[in-house]
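Just so it is clear, A, B, C and D label the chains in written order, and each chain counts residues from 1 on its own.
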Amino acid sequence: MLDKFGIAKRIARELQDGYYVNLGIGIPTLVANYIPEGIEVVLQSENGLLGMGPFPFADEVDADLINAGKQTITTVKGSAFFDSAMSFGMIRAGKVDLTVLGAMEVADNGDIANWKVPGKMVKGMGGAMDLVAAAKNIIVAMQHCDKAGNSKLLPKCTLPITGLGCVKKVVSDLGVFNITEHGFHLIERAPGISTDFITEKTAGRLIINGEVPEMIFD
Amino acid sequence: MRKIVKNAAEAVNDIQDGATIMLGGFGLCGIPENCITALVKKGVKNLTCISNNAGVDDFGIGLMLQQKQIRKMISSYVGENAEFERQLLSGELEVDLIPQGTLATRCMAAGYGMPAVFTLAGFGTEVAEGKEIREFNGKKYLLEYAFDSDFAIVKAWKGDTHGNLIFKATARNFNPLMAMAGKITIAEVEELVPAGELNPNEIHTPGIYVHRIFQGVNYEKRIEQLTTRKQEHAR
Amino acid sequence: MLDKFGIAKRIARELQDGYYVNLGIGIPTLVANYIPEGIEVVLQSENGLLGMGPFPFADEVDADLINAGKQTITTVKGSAFFDSAMSFGMIRAGKVDLTVLGAMEVADNGDIANWKVPGKMVKGMGGAMDLVAAAKNIIVAMQHCDKAGNSKLLPKCTLPITGLGCVKKVVSDLGVFNITEHGFHLIERAPGISTDFITEKTAGRLIINGEVPEMIFD
Amino acid sequence: MRKIVKNAAEAVNDIQDGATIMLGGFGLCGIPENCITALVKKGVKNLTCISNNAGVDDFGIGLMLQQKQIRKMISSYVGENAEFERQLLSGELEVDLIPQGTLATRCMAAGYGMPAVFTLAGFGTEVAEGKEIREFNGKKYLLEYAFDSDFAIVKAWKGDTHGNLIFKATARNFNPLMAMAGKITIAEVEELVPAGELNPNEIHTPGIYVHRIFQGVNYEKRIEQLTTRKQEHAR
């Protein structure tokens, strides 16, 4: 089973040289720590920055320089600032190569729910609906099951939808799943996790073709 | 050019109860601190506020919430704000949550004379309820209308006496978009310089969009999520 | 009768302190030379400039700095450059206080034709259609009659339309006319021009209420 | 980042006959001189060109017209160009004249993922023929579609190895809008610098929109209407 760092590390393998990437809050943010050697990616922060760098040293903190999670950050060389309309403009126009998001639920047709839980105080969707509706490649980083052990990979979302049919891939603590027209296609198992266990924990349609390799980390 | 006003009190002086105002900023970054303080002092009520966020309990728009000056918030994310939550649950406060990109684009539409725009965001969700849907090239879009606001209040880094504005880093965010969208636009700036001192190639908001400008004082620039790394992590 | 300089001079009186003004090619451009003392206006050039200055001295010429008529120009203090989308955005949003244009024909309901003559090579409308459709205050600077002596202030445009019902005022070589729901309202006569002569030369509906003053230049 | 190409020839190498290309510039100001020369040399034919103007007989897009490389021009004003006129009258060249603001906004729409926009320009004119009209707040607007172009070719003042661009003065014009709108965007710049040398606050076109970049050579920057005043007129 992967911990959150393992999930981030696995997702980082999806990065390609020259990619522009938007990383959501939570596990997705950790992906930045595992960018493979020799690959250059540019991180977009939807509040208006391309070329997000690591957190600042204490003496570098600038209140005017934050990411979409409102954390103080830095820039890297070649960065650019812009307003929020251009920021979502480039997202909607498909210029961002990859978006990594967390989710409460994903359906086997790619629907995603990650903004609202009925009965709980709603904080708002922020940029999530824009990102899921428009990004051309969305990977969801999530725990496979909720705290009660119920699958969050479902035949249909039960929570209010953030976007329809938009998720391309899910990396959970149990494995890696491509979303296909026939459902979640398991392409890698997390270390030590059996296909039987994954089958048991996946409520949505699951496709397992032959031997599914266990993921290997170097 | 008679755009210069003395201070925030003069700038917001004619904002009446029931007005619709836009407030720039993302989180607590790039918010018009001076004008918010002046609005609190003025005690104007029943406002509709368009702002991506709603501040925190004791800073930013949260200060106006504490004084119950806001009837309706139009935002994308209202964050951690106990008083906001209390007013929302008690029905005192109306909230319209809209996707962040839609919020930004509806501001821009107003500033660009576009009555409405089509966006993918929210299709198939409750945001789409009651909205016109239209398909282009096999994708479904929502029709979203340009904002109509009486005042836009923005915060810039530098400004000149013609109202030209330059923003700093991610404190730009919604500020230039809202600056374009207000019937009356008020800009508070950290540094106000005579016309001619800003490079015309580097202006983010041309002065034509700005009606009142003043140099703000005592910026706190509170940080919502201070995150740092330790020196030993340096490469 | 006014010459083109007189027309420009008369239009300049319509300027108010703090106005943002777009001046078209031809007579409108001359208006910039007659801005009254004590009044500050900012000239917009729709190719992307606020704060247009006079033509450059020979040693100041910059190929990257032109106006919408493609003439080399200068900037004044407080100028700003922007792209063409923002430029027409501010025009459409009604931020430009006054637009001064030339015209081939104006109708007594405010319709204007100034971009195309059937049978002649069409060069294009450039920004004219955007300007007339969206500007909140449009003054037309024009000769009252064509070379054959036919009125260009008409009951209806005969040439292809540039915009409908958008002209607010006409300053011709013969007089100043507000466009009202009842037609061209003559408010000033050019020096030495009689109301009878104006009546004769105006094909569209003309309103003359009592004595019409002759314009006075200082 | 592997955006840097050697020169214009390499940058336009995969532009095929029949392609739709956008070309930045207003008049002869801010036009991609190097790429135009390379396109002429390459001899690619049957192009649809989206550009505010069509150059003059012996400079700019006029050079491509001389070689009969263009099947269709989409422009707002085609100016003084004898060969253009000849081809148009003989039916060799198709021309789509559209209002300048509409042209700009249809570029921006493409770059901002907006499939269509509403504009006042052209209502009641022949430009509106066959177009959808819609009323908002008592005014009538035309529905105009975002451009769909294979390549955008722009000229900037400075650029960096990440593709970030800064334009100079009114040479900005359509360039940043077209830069956003191409499926593949090619930028030629007067000065190409390493990433980190441009101030991120001053970037007009973020590098995400730019796929290929090179430092151009031998810019002529021809002036279409040289206008000067005499020294004695100085105040």
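By our rule, contacts are C-beta pairs under 8 Å (C-beta built on N, C-alpha and C of every residue); 3 or more make two chains touch, one makes a residue touch a chain.
It should be emphasised that the depicted structure is a prediction, and the values quoted were computed from it without experimental measurement.
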item: Contact distance in steps, from chain A to chain C; value: 2
item: Of B-C and A-B, pair with higher C-beta contact tally; value: A-B
item: Far-end chain from chain C, centres as C-alpha averages; value: A
item: Interchain centroid distance [CA atoms averaged], chain A/chain B, Å; value: 28
item: Separation of mean Cα positions, chain D and chain A [Å, integer]; value: 36
item: Chain B and chain D, separation of their C-alpha mean positions in angstrom; value: 33
item: Junction residues of chain A, two or more chains touched; value: 49, 75, 81-82, 85, 88-89, 91-92, 134
item: Numbers and ranges of chain B residues touching at least 2 other chains; value: 105, 112-114, 119-120, 167-169, 200-201
item: All touching chain pairs, where touch follows the definition stated at the start; value: A-B, A-D, B-C, B-D, C-D
item: Contact set on chain C toward chain D in their complex; value: 45-49, 54-58, 60-67, 69-73, 75, 81-85, 87-89, 91-92, 111, 121-130, 133-134, 160-164
item: Chain C - residues contacting chain B, complex; value: 17-18, 20, 40, 42, 44, 49-51, 75, 77-82, 85-86, 88-96, 134
item: Complex contacts: residues of chain B adjacent to chain C; value: 1-2, 110-114, 160-162, 164, 180, 194-196, 200-201, 203, 206-209
item: Residue numbers on chain D that touch chain C, as the complex places them; value: 26-30, 52, 75-80, 85, 88-89, 97, 99-105, 107-108, 119-127, 157, 167-177, 204, 221-231, 233-234
item: For the chain D and chain B complex, residues of the former touching the latter; value: 105, 112-120, 136-137, 139, 141, 145, 166-169, 200-202
